[in-house]
Amino acid sequence: MSEILVEERKIVVPGEVLASGLDYVPGENCYREEHQIFSKLLGIVNVSGRVIKVIPLSGPYLPKVGDKIIGRIMDITFSGWRVDTNTAYSAMLNVKDATTRFIKKEEDLSKILAIDDYVIVGIVNVTSQRLIDVSMREPGLKKIQGGRIIEINSQKVPRVIGKKASMITLIKEKTGCEITVGQNGLIWVLGTPEGEVRAERAIKMIEEKSHLSGLTEKIESFLGGNQ
Amino acid sequence: MVYRERLDGRKNNELRPMEAKTKVIPNAQGSASFKIGRTWALAAVYGPREIYPKFLADPKKGILRCHYSMMPFSGSGERIRPGSSRRAQEIAMVMTKALEPVVDLSQYPNSVVDVFVELPQTDAGTRCAAITAASMALADAGIPMKDLVSAVAVGMADDKIIADLTYKEEHINEFNEESKQAVVSDIPIAMIHHTKELTLLQMDGEISKENLMKALKLGQEAIEKVHQVQIAALKEYFKEGSHGN
Amino acid sequence: MVTNVKAVKELALLDKRLDLRPFTEYRQPIQIETDLSWTAEGSAKVTIGKTVVMAGVKLSLEKPYNDTSDQGGIMINAELLPLSSSEYEPGPPGIKAVELARVTDRGIREAKAIDLKALCIVPGERAWFVTVDIISINDDGNLFDAANLATLAALKVARFPQVDPKTWAIDYKQKTAKYLPLIKEPVSVTIYKIKGKLLVDPLIEEEKSAEARLTVSIDKNSTISALQKGGEGTLTLTEVDTIIDLAIEKAKELRAVLEQVSLP
């Protein structure tokens, strides 16, 4: 006889028993051992039909093709730049993927992107060894100028963006800032210093309280009236 | 029979008071503080991150690397000269071995997860406190783990099989003339909670097989209490109403 | 670790800081907790914003040095733990840790904060030697001031252990009620210069953006007992003048926090 032993949205720890019996299927961050399904993470239980999964409350970012991320130029090579993605894996940005204009052979690449510049790039390839290639050629991808970079745990990015981008739009409106969220947890905020600080506080608040109910109300209340 | 009742009045299977908290070091990806009696361990997890030196990299999975150190003012006597000691290196290694069986770093090839444990004060049971704190810190960091690992030291002092020895109990045969003959053994163990498999087993002292097996059984039961403390600490941070939630 | 060096510098030119604090304001509250390590003769933990530093005092009995045969001694060490930041690696103290130790040591020793003569038991034979170990627990900037405050607090609450008068054996597990002869409390204030602007209590990102810094150790009656300039940039005499005035003012605030430390 199968049964789920935890409530939806309950916080569980690694090794906690989520369900017993064979009718349920272990989804993300769960595993089955004989008749029981266990959590592999500190996270929140989610049950969808017969699939049980655990949503992480924290954790490292795994680079995926198609993700937009924010990185820091850490090195300049013959063919382009090496980008620090704030993970265990750096990324390669090739000259030809950085710009549409023609770059001459002897051109000084550091004049285009210098060390410690931050860039918004898209991941175009990830190998099994996690060698990453990124590109800056799509619209919206570019070198970052001005503003500041905030770091949050990458697992909280979906909450910061919100359903249909509702949360991030709310923050943008109430603080007057331009905000670009990288899937790797780095976020670029550009506005007045006061607006940037308020946006940062709101984002950090989401990171801390994302597991609680009524998050949207809390953020709305924090951001209050117009700036 | 020399050791009539435990020095601090505890029952044989009773552990010292425990206190645990997570997210104590903001810079780290995960962190935890674990106190048992007067032994206190702070653990911080950094990673997965790029591994140095590069030749240590494993293309199939990430590497778990534990580090253990006692602060210079944490010893029960003189100041401890800073710097690695052989004891610290060995403890770091057994810590890593105690945690490796549960940690799953298959998603992070060529990387390292560093766990740093420092102790501001000690009163025996240090490697067990270190493993317990490290286990919480790894979970706090969102590192995939099959289960938590908990640790406690069991042993025998004179003819008593006891759990969670203090420094005095470990050195009971130094007390007085009468106690010189007392036999002591100190057995730190670490266990995967739901399978009850041991991932750390060491022993100092002298003990018969029969008593050893009794001590291990006692240890497996006592460890449940450590596990309860770990779970509570991990979940406490996320409770509505805690730390400004 | 993300550092907004450009943002810090651009904001400085607008007379603003990353967290919008005034240049002359410390993160609040500054917290000091003492006696947290029962194995130390004295210990303290200081929290400024997210920066956390611990300090522990250990005492030992040694033969005094030849040239100061009627005095004990004091030594201050510092460790920047890899636990406290991804910037620190395991191993022997790097130059940053050494500088932290020596700057803190300079402030305490040169002010003659500890009465070294009072540490002497038998001239030429036996005196107390004090070692303070500063340990970083979380580095989010301004380790200098946090370390100095932690050291003073640890010294303030430190007590001598019991000593057997015949064998001179120290029983570290028994503390006496006698406190260390801490006769002065030289508080240190470190001021950083970013794009020509002077500020106190930097975040780690501000430290990385600074041209120069000056640590000033100040005694109760505004006597300067130590100075240390750091950073690749320069300081003009006018800047030094302004910095010292600011340090004297802020030292009062830090001293008030230190004064609230109650003796165990």
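Labels A, B and C are assigned to the chains in the order they are written; within every chain, residues are numbered from 1.
The working rule: a contact is a pair of C-beta atoms (placed from the backbone, for glycine too) under 8 Å apart; a residue touches a chain by one contact, two chains touch by 3 or more.
No experiment lies behind these values; they were computed from the predicted model shown.
J.: If we look at chain A and chain C, which chains touch each of them?
T.: Touching chain A as well as chain C, we find B.
J.: Among all chains, whose Cα centre is located farthest from the one for chain C?
T.: It is A whose centre lies farthest from that of chain C.
J.: Using mean C-alpha positions as chain centres, tell me how far chain A is from chain C in Å, no decimals.
T.: Each chain reduced to its C-alpha mean, chain A and chain C end up 38 Å apart.
J.: What whole-number Å value describes the gap between the mean CA coordinates of chain B and chain C?
T.: 31
J.: Quick check on chain B: which residues sit in contact with 2+ other chains?
T.: 49
J.: At least two partner chains per residue is the criterion; list those residues in chain C.
T.: Where chain C meets two or more other chains at a single residue, that happens at 1.
J.: Touching chain B in the complex: which residues of chain A?
T.: Checking each residue of chain A against chain B gives 11, 13-17, 29, 31, 38, 40-43, 56-60, 62, 87-90, 128-130, 153, 155, 208-209, 211-212.
J.: Within the complex, which stretch of chain B touches chain A?
T.: On the chain B side, the touching residues are 29-30, 47-51, 59, 62, 102, 104, 107-112, 139-148, 192-194, 230-231, 234-235, 238, 240, 245.
J.: Going by the contact rule set out above, which residues of chain A touch chain C in the complex?
T.: 72, 86, 116, 146-151, 186, 193-194, 197
J.: For a test of understanding, state which residues of chain B touch chain C in their complex under the given definition.
T.: By the definition above, chain B touches chain C via 25-28, 38, 40, 42-44, 46, 49, 67, 69, 71-79, 82-83, 114, 116-118, 120-123.
J.: Which positions of chain C touch chain A when the two form their complex?
T.: So the residues of chain C touching chain A come out as 1-2, 4-7, 10-11, 14, 16, 18-20.
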